[in-house]
Amino acid sequence: MSLPDKTIAMEEAIAAIPDGATVMVGGFGVPGTPFTLIRELVRQGKRNLTLIKNDANEAGMGIDHLIMAGQVRKLIVTHLGLNGNAIAAMNEGRIEVEFCAQGILAERIRAGGAGLQAILTDIGLDTELAAGKQVVEMDGKRLLVEPAIRADVALIHADCADPSGNLTYLATARNFNPPMAMAAARVLVEAERLVPLGDISPDAVETPGVFVDHVCPLIQISEEYGVVRR
Amino acid sequence: MSDGNFQDPRIRMVARAAREIAPGMVVNLGIGLPTKVIDHLSGDFPVCLHTENGMAGIGPTLPYEKADRNLIDAGGAYVSPIPGSSYFDSTVSFALVRSGRLDLTMLGAFEVAENGDLANWKIPGKFSPGAGGAIELAQKARRVVVLTTHTDRKGNPKLLRHCTLPLTAKGHVARIFTDLAVVDVTPRGFQLVELAGGITAREVQEATGATLLLPTGNIPTF
Amino acid sequence: MSLPDKTIAMEEAIAAIPDGATVMVGGFGVPGTPFTLIRELVRQGKRNLTLIKNDANEAGMGIDHLIMAGQVRKLIVTHLGLNGNAIAAMNEGRIEVEFCAQGILAERIRAGGAGLQAILTDIGLDTELAAGKQVVEMDGKRLLVEPAIRADVALIHADCADPSGNLTYLATARNFNPPMAMAAARVLVEAERLVPLGDISPDAVETPGVFVDHVCPLIQISEEYGVVRR
Amino acid sequence: MSDGNFQDPRIRMVARAAREIAPGMVVNLGIGLPTKVIDHLSGDFPVCLHTENGMAGIGPTLPYEKADRNLIDAGGAYVSPIPGSSYFDSTVSFALVRSGRLDLTMLGAFEVAENGDLANWKIPGKFSPGAGGAIELAQKARRVVVLTTHTDRKGNPKLLRHCTLPLTAKGHVARIFTDLAVVDVTPRGFQLVELAGGITAREVQEATGATLLLPTGNIPTF
């Protein structure tokens, strides 16, 4: 019994993403954003993408590059208040934006990764986020049906990976990465460190390699990953 | 606070709000004014601060030179851990909120209605960046309080009979801290609880878009 | 900013459980079963309990003591094939038993801990496990409504705890413990080791202390926790 | 296998089933007969074995003296880790199953029907210990195969036109390995694929409670 080596060149991993793909992107602000995978997606010019992400990063960072390059058709996010470019693109109709309550976006992604079809929740009832959503009555209470979300691809940033795809994260760089790493047909990971198989204790694994398709070790950590001085 | 009258009214209201935090509470401080409450808690005050991007047990904010690039709060400030801190993913972070483990949240507001309705995320046609985690915080924290100036920049009241903006959550606000007063939401409407030093009940009523119920007897000041 | 000390004497923690309580019990087979908390529940003679657990342990072990002492009114489990006493008690009508598919039981508990009202799933459709359950149609597909489960009390076994209730688990002793540790009004933990606050790295925490109410350090590890020779 | 005829029929069927596992697969071996498949995989065979109580990357089974009291498989056997193993909780374990990350599961059976229906968890009035994880494994693994004796202890067929017992899952079984044959479930019913050495197609048909489709040409043996 032995486990596979899933390391791959980043160029090759991104090349397999078709135009029109639905792509989950980890991160909340800077921490956990897969900046290098995003840069490669920009470089390869994939178009007509639907991105699922907590936020739209800030102007000049992360998925803003994809938005500004006109590669994004639709964004599913919880807020994009820190990125004026994204707000302008939305207001001018250059991108379609779907807003989701933050924890419900996380749960819908997790439900996709867990092979559930939907969750029932009272979050957003009596707000305009409930508009158009299916309502179910359970024990006399009205609940919203929030369907599971899956993507064609998930772009994940990990601190540490082994060749079989076991991952660990650091501090608040975890955020949306673990649920997204379970919820896509192809899960692509950029890892700050690649360690030999067996170096991550089985108890310490945060995303089991079974969920991961490709591991791309980062050769360098660009300034995008650094501390932002506002 | 005896010297309350001489303080900046915003600092005074934040300091008053900080006294709302009881020892042992689990608390989420919303982005903006509420985050400043942390400056009024002593370093060893027994409180577990939660941030929705995935941490319980927030310690002091760090300057850029000392910041850990992987450790921010939901507002993007660089924070630090304390003994017993834990990190978790976004599903666990909101599990904590929705399942009732959050004793208190302090949120900003565009409008609060006398029935406890809150609007703080969208001004149609002007400002619609998405609600982030505000809807769940406002709907599910065990106690929801609001920290806001009593009126907007144009002097219009923010405490109203009915909200006019899209709601964040319906009927969950329990108390409002402003630069003028502390106001409770009761079944009978807004109840004046405390006055900022130097402010009269009449001035608060004039700055409020709904009827204020007054307490019998002296009104405490802060 | 400092965190509370939640350590407590086991006798006191269990004494707060009323007769008739609904109690989640961690464990899958031996690993992760809170044998010592169960023993104290037996000793204090709490009655009319509803237990939620993956399995019924084996004859002479774990919750079998509660069943044999007549303290259990109802069991919600995924299987009890290894405990002849439990099967007999079920067949003779001394306990009521509700069966749930294993992963769906885990998800229903997790949904309770996550403050969701229910999940929608196709698991168990076309089987007798679907009998009597609410069905919802979504996108033309029939789905079962599986309601969230919460309990009055959860009994958790951890390898390591700090005084604020941060927990770690070992190997397959994790199983149902983390979701149960989020899904009860009072979460009671027995821990093989109690370490000082700060000794568990914030990244290594598997159950955040925020979810935990009481920590009972184990003074000794009884033979029930050992290797079973069949 | 040239010496197949001389082996114990059960060992032979387990060995044949083991060859169903392709390199790189993620596989769950059900409790009972399927677990024995592990004995027919070489120590370095590239496969990720999953057990639903919370582990991926199962290594060899350990004797009691060497066992880790915290490390079992779903059947209660003491197992060991390999480089790259991971442990996780029950929600993650079944997330893996339900979301299609399990390439193959091998399950035992009381009955299998020619349309792929499986019954393996309950005999009303006699045996109803609960299904454990069997329903999700049988419904959601990408490929579901069954490992069973061709007939029960009384000689009654287990491969039937219709299941008579409560179903575990409807229409998901793709292939059946027995002591007599390898049989595929096809849109037209049971298709004989291979014969155990020394067994004739006629003998398999006589032990089967549904019509067997025969391949044209020679039938391979195992």
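Per-chain numbering from 1; labels A, B, C and D assigned in written order.
Quick note on the criterion: contacts are C-beta pairs under 8 Å (C-beta built on N, C-alpha and C of every residue); 3 or more make two chains touch, one makes a residue touch a chain.
Chain labels with UniProt names: A, C = 6-acetamido-3-oxohexanoate:acetyl-CoA CoA transferase alpha subunit; B, D = 3-oxoacid CoA-transferase subunit B.
Given the structure is predicted, the values throughout are model-derived calculations rather than measurements.
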Joint neighbours of chain B and chain A, given as chain labels: C
Centroid comparison with chain D (C-alpha atoms), farthest chain: B
Whole-Å gap between the CA centroids of chain A and chain C: 32
Computed distance of Cα centres, chain D from chain B, in Å: 58
Gap in Å, rounded to a whole number, between the CA centres of chain C and chain B: 36
Junction residues of chain A - those touching two or more other chains: 107, 114, 116, 121-122, 169-171, 202-203
Residues of chain B engaged with two or more neighbouring chains: 55, 87-88, 91, 94-95, 97-98, 140
Every chain pair in contact, whichever chains are involved: A-B, A-C, A-D, B-C, C-D
Chain A-facing residues of chain D, complex: 24, 26, 41, 43-50, 55-60, 81-88, 91-92, 94-101, 140
Of chain C, residues touching chain A in the complex: 107, 111, 114-122, 134, 136, 138-139, 141, 143, 145, 147, 168-171, 202-204
Complex contacts: residues of chain C adjacent to chain B: 1-4, 112-116, 162-164, 166, 182-183, 196-198, 202-203, 205, 208-211
Touch list for chain B against partner chain A, complex: 51-55, 64, 67-74, 76, 78, 87-91, 93-95, 97-98, 122, 129-133, 135-136, 139-140, 166-170
Residues of chain A touching chain B in the complex: 28-32, 54-55, 77-82, 87, 97, 99, 101-104, 106-107, 110, 121-129, 159, 169-179, 225-230
